[in-house]
Each structure stands twice: as structure tokens, then as C-alpha cells.
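Next, two complexes with chain A in common: one pairs it with chain B, the other with chain C.
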Partner chain A sequence: MKQKYIQLLRTTWGNIFTEEITPVANELYLTLESGALSKLPEICSVLVKALKAHFVMLLANDERELHGKFFIYYVFSMTADNLFLILRVPVDAREREVPSITASLDSATWFEREVQDWFGIVPFPNIGKLAVHPDWPEDVYPMVKEFDLKRSVRRVKGSFDFKHVAGEGVFEIPVGPVHAGVIEPGHFRFSVAGEPIVNLDVQLFYAHKGTEKIAEGMNPHRAVFLAERISGDSSFSHAVAFCHAIERTQQIEIPQRALVIRTALLELERISNHIGDIGGVLLDVGFSIAASRAFYLKEKFMHLNEILTGSRLLRGMAAIGGVRRHIEDTLAKREAMQETLKDGQEAFEELVDLLMSSSTVLDRLESTGVLAHKDAYRLGIIGIAGRASGIDRDLRRDHPHCAYPYLKFHSVLCNEGDVFARVNVRIDEVRESFRLLEQLRRQHVDEPIKATLQSPAPDRCALGYFEGWRGEIVHWVMIGKDGNIFRWKITDPSFHNWRGLKLAVRHNIVPDFPVINKSFNLSYSGNDR
Partner chain B sequence: MIEFASTFIVSAIQILLMLLATPLVCGIIRKTKARLQNRRGATIFQPYLDLSKLMRKEVIIPSTSSWIFRITPYVVLASMLLIALLVPTIFAPVPFHWMGDIITIIYLFAAARFFLALGGLDAGSAFGGLGSSREMSIASIVEPAMMLAVFTTAVTAGSTDLSIIVNRLSTTQASIIHPSHVLAFAGLFIVTIAETGRLPVDNPGTHLELTMIHEAMILEYSGRYLAFLELASQMKLLIFLSLLANMFAPVGMAIDTAPLSLIVGVAAFILKVAILAIVVALVETANAKLRLFRVPELLMVAFVLSLLALILYSIIGS
Partner chain C sequence: MFKILKQSIRTGIVTNSFPAVIGDPPDGFRGKPIIDYARCTACDKCAEACPTTAITVEAKAPAESNQKILSLNYGDCIFCGECEVACPEAIRLTEDFQLATTEKSELLSQACFKESKTGYFEFSEVVAQAPPAQQSAEEIGAALKEKIDKLFGRSLHIREVDAGSCNGCEVEITALSNPVYDIERFGIHFVASPRHADMLLVTGPVTRNMEIALRQTYEATPGPKIVVAVGACAIGGGIFGKSYASCGGVDTVVPVDVYIPGCPPRPEALLHGILLAIDRYPADRLSTEE
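This part shows the complex of A and B:
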């Protein structure tokens, strides 16, 4: 199958690709010749348009100590063949320039800007800062290997450069970075003409923790805990995605029972977050009676998480090679699981009835914050927000692992792209999650839940991925010569979807922003890392 | 001289009662909403504690603001206290009825609103301006609806003097259930919801600055200024509830200062207002917040109801 793509690419552009050998079955690494750099935008464009590839992410890697060069990896997903095609593009260590692919692939914009801010590799044409704030000095790039974490960086003078909209009656409303309520930090700058929003600019990266940098040189087993803290609401999904990447580099076979437990916990994470989001949307439109029901129900599932794993956020469960503990090893746990699922399902249907029978709620949700399919496609919107705008992509189905290959479920799809569609996708996904959990119900506590691990093989890299509740989480890990992490790239779905939010709020009125924002419910922490 | 003394006593009782009952009404609404949401909720006396806490807190004044910002809380609270003297509560002859009628009340509300909107703008923050502009655009539709509702009862009583309206209604039993009154009551109830910033028009419990109306205007206020404004807005609610209760059902109101009729008056007043407060809480719980641009449609309903009431009265007659 890999040969098919190599042949296809070579017939068009000649022999400018070298295949890198990897033990990972569904990853194809092709290194581009330095001389053919100018063809990169064209190649990417053909991949996406003619071969129906989905742009997953791009990442830079400082491989100067290994090959004397930087490399940029362009990751594409070939859904039809369950294959990831990864273009590996060399970047000269001194010039540090690479052609931008955003002319044909808008969804790569933020990725290119991040590479520029963190590695100093300039995609031309050049665009402004994204991942560092204006008070960060020009020539300091935190992700290059010589940047010492302990070094303190002297801040310079600088101010945010927002897009200004001029015209009679156009005002700017600054909101944040500190918000009312328990919300993560982010600065929003609205340009409004009366109530309608003309433009929204978002300044993020207040919650940057340098996770990728801290992890360099770290033992992968320790980094699992770091992965759990990338975005609190997706603790387990991120941890599983990371473990998945490490397991793929080492070709570790996971025991069947561990896969089942992982699947169950991932679906539980999805259920509690989706219900919480539905409650959040209801609260933002002031329908507090249904909102409090939703929060009560979410709490039930968080409580179940605690009974099963000892952690409301499912932390401390993921481990490389499997999971740490059984989740249904005692009668009390099994009963709690059974009861919560049964009662929860009923209560959830009641909640949905309440929501659907309130005309004022429907009036607020329908046609609010529309993200059209063509915009969603252009920006590479994924996950629930994507599926609400007709982007039919679900990693559980398209690149399945865990127990998903053996399970029956639908991937939910809506086409309207409004707040109501995003709520509806969540509602149906919760129902699907209940179905999935039904299928998983059987207890075999004597089976192993963790593979026996060898000492890690060095110099390997692989993707790890999972469709978290918000959307696809993709990690890429390279193990260095010492068996520790050489480079870890984390992509949270929020990083794709923030641009979708910016577009969806346009032409809506200011008081509708909170509910549109909530319907996306993007992670700041996961975006900023 | 005796006349003067009794007026003084009566008005003193009235203003004290209004001041004391104000936070309680707010507390009842919050408690009812909490119970309906399966929450335990704070005690119904929590608003008293909140106000006393705010009175002790430091006042922070934005450096960009002018004297308008500082006098606004006093103007707003003073307007509400004045109105509190003009509305019928426990006494059928309203203490200061010779001083002002319904029209005075409407203008006093307008004055308070005008200063509140100025105060919101004066702080120079984006949210204040947002709140002020929303408040004024809603006010331009609320006021006609309110006038029409109130005038319907004035026309039936033949006077805009609240004492006369209340007296007429309490003496002629039949007019209590006059169909036009039912419509006018419904109209005024919607106006009450809009004027006092309750759901589905404005969400008094929200933390989302971008959706606020009344709360956005007072966002920059703190300490005792905020306490004054909170008290004023709570009192506004009580004033509206008193108007609703006593203009349409003046049962049990005291006609003299005899202890028994006073006790009956106070009890009847508290009961009526408490019932109305619970109804407000029910309406708030059963409805989601309307989209801002739908609010005029709701207020048009209030306007049409009041108009129908007026037409009905002129057709059926008393």
C-alpha cells in the first residue's frame, strides 16, 4: 500500500523522494530532496486535492546534532487506506527558510506560524507572531536544542497587533485575558458595529507551559503524567494518544483487556464532557433548570470515574503498554458502573426532552454561530465542531485502534454548522457512547492489563492519535539515542478549531458570543501547551 | 397639625417597610429559583448580608470618570426612595399622593435610568457603554408599554392619582375582575420583567459580561456605591410588584393608622408581594434568555396587551 503512494508521487514529480524505513505499519515517511523544496506547496496541494489527503499537522524538529539540519514533517492522513503519509522536508540550518504551503492549505497557517515563533524557521511569505507574545525578543527561539530551559529571557517592549476595523460606529470591545468565572486565559478583541460583530481577534498562548520542551530528554514513562496535564478535560485522551505513540515506536502489543479498559474510559470521558458542554450552553442561554440537571448528571459520571479509577479526571490510569488498574474488579465498581449507566441514560434522555421542548432555547441555538461547510473544510476544522459542519471525519472509524475495530457505532454528522448542530452532535455522540459501553460490558479480571516492556529501542519515531471528545488528538514522538524523548509534538483539536470560532461569530450579535464560544468549548491549555 | 403628624408617621412606616422588605423580595426569588434547580440555595436573608458587606468595602473609582459617576448611585437610590413614597403599599391613601401621581413615577424612573446609563458610560469601559446602549434601546420600547398599562387603570378610575385608583378599585368590587384589568395586568407584568432586568430579558445571575444589560452598566461600581445601586435595583422590583399587587388587587390595605388595620395591611402586602415574587421566579426558571433582538417583540406583546385593555374598556365600559 505504501508502494502505491510512492509510485503515484514519483510518476508526477520524479525521483525526489526517499522512503525512510519505519516499523510502524501505517506510517509512510518520505524525505524530500533539498533541491526540490520549491515544489513543496504544489505537492501538498495535489495530495489534498487529488489524493483526498487530510492535513493533520506539521511540526519542526531540530535534528542538527543528527543530520546537521532542521526537518519539517507534514503529516497527512489517507483515510481510505488507513495510512499516514509524512513528508519530511529538510531545512538548511543557517538560512532557515521554507516555502509556505498555506496558499493551497489554509489549515496549515497556525502551524507554520508556530514553527516560525519556536524554531525561527520562516515560511515565506511571512506572517505575524502567534505562539509568542510581543514582549518576547525577536531572535530567541525556545524550541531549538541550544535554548536552555533554565535561561531567563529578558522581555522587550511590544504591543499586540490586532486587526483594526475602521468605519463609522465601529467600536472595539476588549475582553480578557482574565475572565469572569472559572475560565482559562485568552484575550478577545471584538470589532462591533452596534451589536453585530464585524471581526474577532483572539490572542492566545497565555497558558503556555512549555510541555514539549520540558519533555525533551525525559523518560517516556514519566512523560505520561505530563501528557495527562496537557488539557485537564482531555487528560485520559491525551495520555492515551501519547502512550499510543510510544507503543508504536516500540511495536508493543497491548493486551486485549487493556484496550477494552482504555476504550471504556475514553467513552466515559466523552460522556461527562459532552453533558457538561450541553449544560454550559443551556446556562449561557439562561435556561438554568435544564443546566443544573446537566451539571448534576455530569457530576454523576465524574463520580463514577472516581469510583472506577480513583480520579475524577481519569488521571493516573494510562500507562505505556496498557493501563495501570482494572476498572471493574470489585462488585461495588461493577454495580456503580451498571447503575450510573442505566440511570444516566434515562436522565440524559429526560434532559434532551427538556431542551428540545423549550422554544426559547431552540430559538437561541438555531442559526446562531453558523460555520459553513466550505469554511470548515478550508480551515481544517475537526472533531465535534467539524462534524456539526458536515466534515465527516472521526479517527475512531478512520484510523481505528483500542477496541474500536471490533465495536459497532455510528459517527454522528450534521450539516447546519450552527450552535444547535454542535449540541445535536454531542447529544447523539453521548447516545453512541452509551451503546459502546454496553458492548464492552464483561469482566475478566484475571487477564493481563499491561504488556511486559523491553528497554526502549532508540532512534524511532511514530504518531499516536485518538479521537478525544473534542476532536482528534495527534501526538508525534521521537525517541532519542538514550531511549528518552528527543522531540514530542502535541496537537490538540483546539489548535485547529480556534480559527473556526473566529469565523463562526462573525455577523452574530455580541450577546450571542458566549453561547457560540461554549458550543465550540475549545481548550486554551491544550492549544497553548 | 395632627394631619401632618399622621402623614409623617405613615410615610415613615412606608419607607422603612420598603427599605426592609426590598432585600427580602430578592432573597425569596433567589431561594425559589435555587430550589427549582435542585439546589439548596442561600438563605432568603442573604441579600441583607451582601449589602452590609458591600457597605463596608472600599470604593474604587475609575481614574477616567467624572462627578457623574459619583453622583449616579445617590440619584438612582434617591429616585427609588421617592417612588417608594408614592406607590401604594399598606395604606390605601398613599402618603404623598398630593405630591405626584403615576406620571411622576414614570418620570422618576426615567431620571434614574438616565443617570444609570450616564454612569455606565462615564466609567469609560467598553462594557458600560454596551450596557447603556442596550438599556436605552430597550427603555424606548418599555416606557410606552408601561405608560399604556398604567393609563388603562387610570382611565378606569378616572384619575392618575394612585390613591384614587386604589380607592376606586377597593370600593367597587366589580372592577377588580374587569377584563381590561386582566389584560393590563399581563401587560404590566411583562414590563416588570423587562424593567427590573429579569429573565428572559436580562439575566441577573450571569457572569458573562457580553450578555449583560443592567449588570454591565454597574460593572465598574464597588463598595457602598454598588450597594446603593443594588439596593435601588432591588427596590425597583419591589415597587413594580407593589404596583402590580395594589393597583389590581388592593385587598386588605389599611385606610387608617389603627393597629389592627396596620397589621392586616402589612400582612396582606407581604403576602401579595411574596406570591408575585415566586411567580417572577417561576417565569425566570421556565424561560431561557431571549436573543437580544427578540426583546422588542416581547415588549410589543406587552404594548398590545395594554392597548387591547384600553380598547376593551372603552367598548365594554365600566
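This part shows the complex of A and C:
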């Protein structure tokens, strides 16, 4: 499989790639020769256009102490072959320049800007700041190895560089970072002409906590708890994605029972968040009764989470090599699960019935906040937002692990790209999750829930990934010589999708912004880390 | 319309009776950890297992290596239970979750251990003791109910400020408005602007990028005002600590009146903390502010 891609690339560009040895079966690392750097944009373009690769992410790694260079890793997913192709591109430690690939691959824009802000590696042509605020000094890069985590960095003068729209009757509405509702911090700058929104600019990274930096040098077992706190509503998915990465570097075989538990909890996380989001959308269009019913239903599932795992957010469950606890080991737990699933399913169908039979609600949701398929494709929108705009991508199906290879389910797809489509995707995904849970409850495997672990093999790297409720969560972890984390890159689906939201609100009226925003429900903390 | 009525009537009232009855957390809930000093040898295993710095074992003074201080800070605890796994002999996670307090020092338990002749460390004295957990849920519930009844003339307006949390605390704060906890029945409302607020409910370790915004929000809130720090991050930085990106706790930026431990605190722990804050609202803040 790997050879096929190596041959393909070599026939076009000659022998400019070196394959790196990795024990991970579905990852192909190809290091590009320094002399062939200028070919990078073209290679990426061909990968995406001719080979139907999906751009997953790019990340920089300060490997100066290992190889005297920085490296940038461009991660592509080859869905047809369940393979990740990773281009490893050397960057000179002094010049710190690399060609930009955004001209042919728009979805890489934010990633390149983040690399510029955190590593000082400039993808030319140079683009503005993203991941640091204007009061951050010019020549300080937090992710290079010599930067001390505990260092206090002075504030410099600077102001946000928003895109201003000029014209008669055009006004700006600033919102945030402290919002009107109970939501995370971020700044929105609307340019409006009357009611319609002409442009929306978003300033994020208010919730930047230096998570990736904190993890450097950390014991992987301890970092699981950090992974749980990347994005609170996706605690378990992020933790599983991280554990998955570590397990792949160490070739750890997970017991079947642990896989079943993981899958069940991941689906429970999906159910409670989707129902909460449906409630949020209903609240934002003023249908309070149905919203209350949704929140009540969500609460039931949060309560179930607590009964099964001891934590309403499923924290303290993920562990490298499996899970920390059984979930259905007592009669009380089994009954709670049985009952909540049964009642929950009925209550959910009633909720859907309420929603669908209210013409005023449908009127607000349909054709609101449309994200067209071609825009979604260009921006690399993924997850529920992507599937609502016809982007047929679901890691559970495309790169399956956990118990998904043995389970029957279908990936939901809508094409309209409006708020209603995003609600519909959620509705159908909740139904699928119920079906998945039923299948999982029939799996009786008597096995340990955690693999026995050896001391970690050093100098390994691997991807860990999972389709969380919001979309695909991808982590990349490199274990250093001491067995601790050398570099950990976290990509939350929100990092891809924020640009989609900016586009979807255009030409909509300001009062529809909350409901459009809720229909995406992007994570700030996951984006900012 | 009939559908709505039918569904509503069939569902009935789902709101719980907090604080008269406090729902016991289910078996396996990870609440307040306690250390049985008699079985502890200050061996450091728990401190090593702790992902935050909630548990530390240090020499009492550089010169006194024969004495160790074992500290357990509930403010920094993320209730992961790793200490219990590392030392099931002496550490147990209880079901207590209502840990809010008005004094940060009350979140700390410390004990001194002395080296014995056999070379092991033995418990010698308690240095600081976090107040014991409430006697029983019912008793506390009744007491709180009385306080609220007394204060009911006043409604409380809360502005929630996310100063860079992971969103976990927000999930639970949002849950306060659902029909089960229904915080509005206490006359407590979440408002859209700090100008309308009596209380700031702050989450997150206060990131560098939120520091100024938090300070400005505090200044925009009319006095008298109270600040509640929600969650381990807000109390002392939690798992994120203090770094280039994080200030390491709300009280490094604005004064804090009540601390609610948890990662995140359950909705009932939040209610408890908020009600604790109301109790002291008229008593000592009115006279000291402005």
C-alpha cells in the first residue's frame, strides 16, 4: 500500500523523498529533500486534486537538538486506503522559511499562520497574526524549545487588525470577548449594513493556555488528564485521541472489552452534546418549551454518565492501554443504562416531533446560515458542519478503530448546508448512536479493561484520531528519548470550522447570528488550546 | 399546541428539591479525597501520581530533613483519583462534593511527619485542616433553605466570565438553567452585562489574553459585588498552572470571595457555592465596598 504512493510520487517528481521507518501500519512518512522545497505547493496540490487526499493538518516541530533543523509535517488522509501520508519538510534553523501551500490549499491557511506565530517559521508570502494577540512581542515564539514555559512575556503596544468594510450606512458591532451568554471567550467584529451582516471577523485565542507547551517533557500517563481538559464538552474524545496516539507509538494492543467501553462512552458523549445543541438552537429561535425538554433530556444523559463513570463529563475514564473503569459492572449501572436509553430514545423522538411540527421554527432554520458545498470543500470544513454541507467524511468509517470496524452504522449526510441541515445531521446521528449503543450492549466479552504496559519505547511518533461529536479530532505525538512527550500537536475540528462560520453568517441578519453560531457550536478552548 | 400540552402534562415537574434534598452522587463518584494519616508514611507516591500539584510532600525546612510536610490542596485537585490508585491503603475518594469556601486557606490540609528510629516517617501532627465535610446532606440542605428564605427579598444577578476555561465549567453552569436545577427559582438570573450584575462567576486559569478583559469586566460591575472562582483552574490555575499563557488563578487578577473546587464542580456544588456567597453578601461586603 505504502509502496504504491511512493512509486506514484517518485514517477512524477523523481527521487526527492526518503521514507522514514515507522512501526505504525497506516502512516507513511516521506521526508522531502531540502533542495526540493520549492516543489512543495505543487506536491500538495497534486495530492489533493489528483490523489483525492484530504488535508488533515500541518504542524511544526523543533527538532534542532535531534537533527539541527525544524520540520513541518503535512498530514494527508488517503481515505480509500485507510492511510495517512505525512510529508516531512525540513526547515533551515536560521532562515526559517518555507513555501506557503495555501494558494492551492486554502484549508491550510490557519495552520500556517499558527506555525508562524508559535515557531517563527514564515510561510512566504507572509500573512498576519492569528494565534498570538497584538500585545505579544514580535520576536518571541512560545513553541521553540529554548522558550521557557514559566517565562512571563511583556506586553507591547498593538491593536487588532480587523477587516473593515467601508460604505454608506455600514457599521461595526464589536462583541466579546466576554459574551452575553454562558459561553467561551472570543471577539466577533460584525460589519453590518442595516440588519444584514456584510462581514464577520473573529479574533480567537483568548482561551490559549499553552497546553501543547505544558505537555512537553510530561509523562504521557499524566498528559491524559491534560487531554481531558482541551475542550470540556469533548473530554473523552480528546483523551481517547491522545491515548490512541500513544498506543500507536508503542504498538499497544487494546483489550476488546476496553474498546467496547470506549466506543460506548464516545457515543454517549455524542448523544448528550447533540441533544444539548438541538436545545440550544431551539432556545435561540425562541421555542423555549422544546428547548427545556431538550435540556432535560441532556441532563438525563449527563446523569447517566455520572452513574456509569463517576463523572458527568466522562473524565477520569480514559487511560493509555484501555480504560480505567468498567461501565456496566453492576446491576444498578446496567439498569440505569437500559432505562435511560429506552426513555431517552422515546423522549428524543417526541422532541424531534415537536421541532418538525412547528412551522415557525422550521421557517427560522431553513435557508439560514447556508454554507455552500464548494465553500465547505475549499475551507476543509469537517465534522457535523461538513456533513451538513455534503462533505462525506467520518473518521469512524474512513479510518476506523475502537469497536467501529465491527459495528453497523451509516454516516449521515445532508447537502443544504443551512442551520436546519446541521440540526438534521445531529438528529440522525443521535439515532445512529442509539443503534450503536444497542449493538455494543450485546457484546459480552470478558476481558481485562486495560493492557499491561511496558516502559515506553523512545523516539517514536504517531497520529491519534477520533471522530468526536463535533468532528474529527487529530493528535500527533512524538515521544522523546526519555519516554516523555517531545511534541504534542492537538487539532480540534473547530480549528478547521471557524472559517466556515465566518462565511455562513454573511448576508444573514444579525438576530440570526446566535442560532447560526449555535448550529456550528465550535469550541474556543479546543481551538485556542 | 395540543402536542406541547400533552407532553408537558405527562412530564410533570422535573425540578429537584435542592437544597432541601441534595441528590447523593452515585457509587463510584470521585469526590473529596481524604488521607488517613495513621496509615500514611509520607512516601511521596501520591504526590508523584497527582497530575496537578494538589498533593505535595516536602521537607519541613531545608535543615530539617527528618520532618516532612504532606499537603493536600482541594483547590488544585481535579478529582481524578490517581492518588487513590497509587495508595489505596491511606487515600480514599469520598462522595463529598460541596467543598466551596470563602477562605482559600480552608482548602488546604497539611500534616507533619517525623522520621522514626526505624527510618520510616510517621504522622506527628496536623498543621492545617480543611473543615470536615458537612454532617449530612439533609442537615445542610435545611440550613441553606432557611438562609435563602431569609434573603429571598433580593434577587441575585450573575455575569459569567470565562477567563480561558476548557468549557467544562461552562457545561455545568449552563446545566444550572435546565429544568432539573432551575436556578431561577432562587431568584438568581444570569445577565448579559456586568453592568447588571451583582456577582461575577469566573472560570478558567485567567489566560494572558483574558487578563485585561477580566479586570475590565470587574471594574464595569457596580459595587457591592462578589466574585466567585469556579473550578480548579480558577482557584489556582489547576492543571494549567502558571505560565506564559496563564496567570494561575482568578485571585491573581481580581479579589475573590468564594472558591468552588471541582473539575468541573457538579451543578449542585455550584448551587452550594453560589448560595454560600449570597449568605455573606449583605453581611460583610456591603460595609467594606465603596
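Here is the rule we go by: the second predicted complex is superposed on the first by the 524 of 529 C-alpha atoms of A that agree within 3 Å, B and C clash if a C-alpha of one lies under 4 Å from a C-alpha of the other, contacts with A are read in each partner's own complex, and residues count from 1 in each chain.
In the analysis below, contacts are C-beta pairs under 8 Å (C-beta built on N, C-alpha and C of every residue); 3 or more make two chains touch, one makes a residue touch a chain.
Every value quoted in this text rests on a predicted model; they were computed, and no experiment measured them.
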Should A:Ser231 be classified as contacting the first partner (chain B), the second (chain C), both, or neither? second
Output check: A:Ile509 vs chain B and chain C. Expected answer is one of first, second, both, neither. What do you get? first
Is A:Arg293 in contact with chain B, with chain C, with both, or with neither (first, second, both, neither)? both
Which chain, chain B or chain C, ends up touching more residues of chain A in the combined arrangement? C
Answer with first, second, both or neither: which of chain B and chain C does A:Leu413 touch in the superposed model? neither
Of the two partner chains, chain B (first) and chain C (second), which one does A:Gly181 touch, if any: first, second, both, or neither? both
According to the stated criteria, A:Phe171 is in contact with first (chain B), second (chain C), both, or neither; which is it? first
After lining up the shared chain so the two structures overlap, which partner does A:Val361 touch, if you call chain B first and chain C second: first, second, both or neither? first
Partner chain in contact with A:Lys150 - chain B first, chain C second, else both or neither: second
Name the contact category of A:Ile6: first (chain B only), second (chain C only), both, or neither. neither
The shared contact residues of chain A with chain B and chain C are 180-181, 289, 292-293, 296
Chain A contacts chain C in the complex at 133, 142, 147-153, 177-178, 180-185, 205-211, 213-214, 222, 225-226, 229-233, 235, 276, 289-290, 292-293, 295-296, 298-299, 302, 306-307, 309-313, 315-316, 324-325, 330, 332, 350, 353-354, 357, 523-526, 528
List of chain B residues in touch with chain A within their complex: 33, 36-39, 126-127, 129-130, 133, 199-200, 203, 205-211, 285-294
So in the complex, which bits of chain A are touching chain B? 171-175, 180-181, 194-195, 282, 284-289, 291-293, 296, 358, 360-361, 363-364, 368, 509-514
The residues of chain C that touch chain A in their complex are 3-4, 7-8, 11, 14, 25-30, 51, 78-82, 159-175, 177-180, 190, 192-194, 204-205, 207-210, 213, 217, 238-246, 263-264, 266
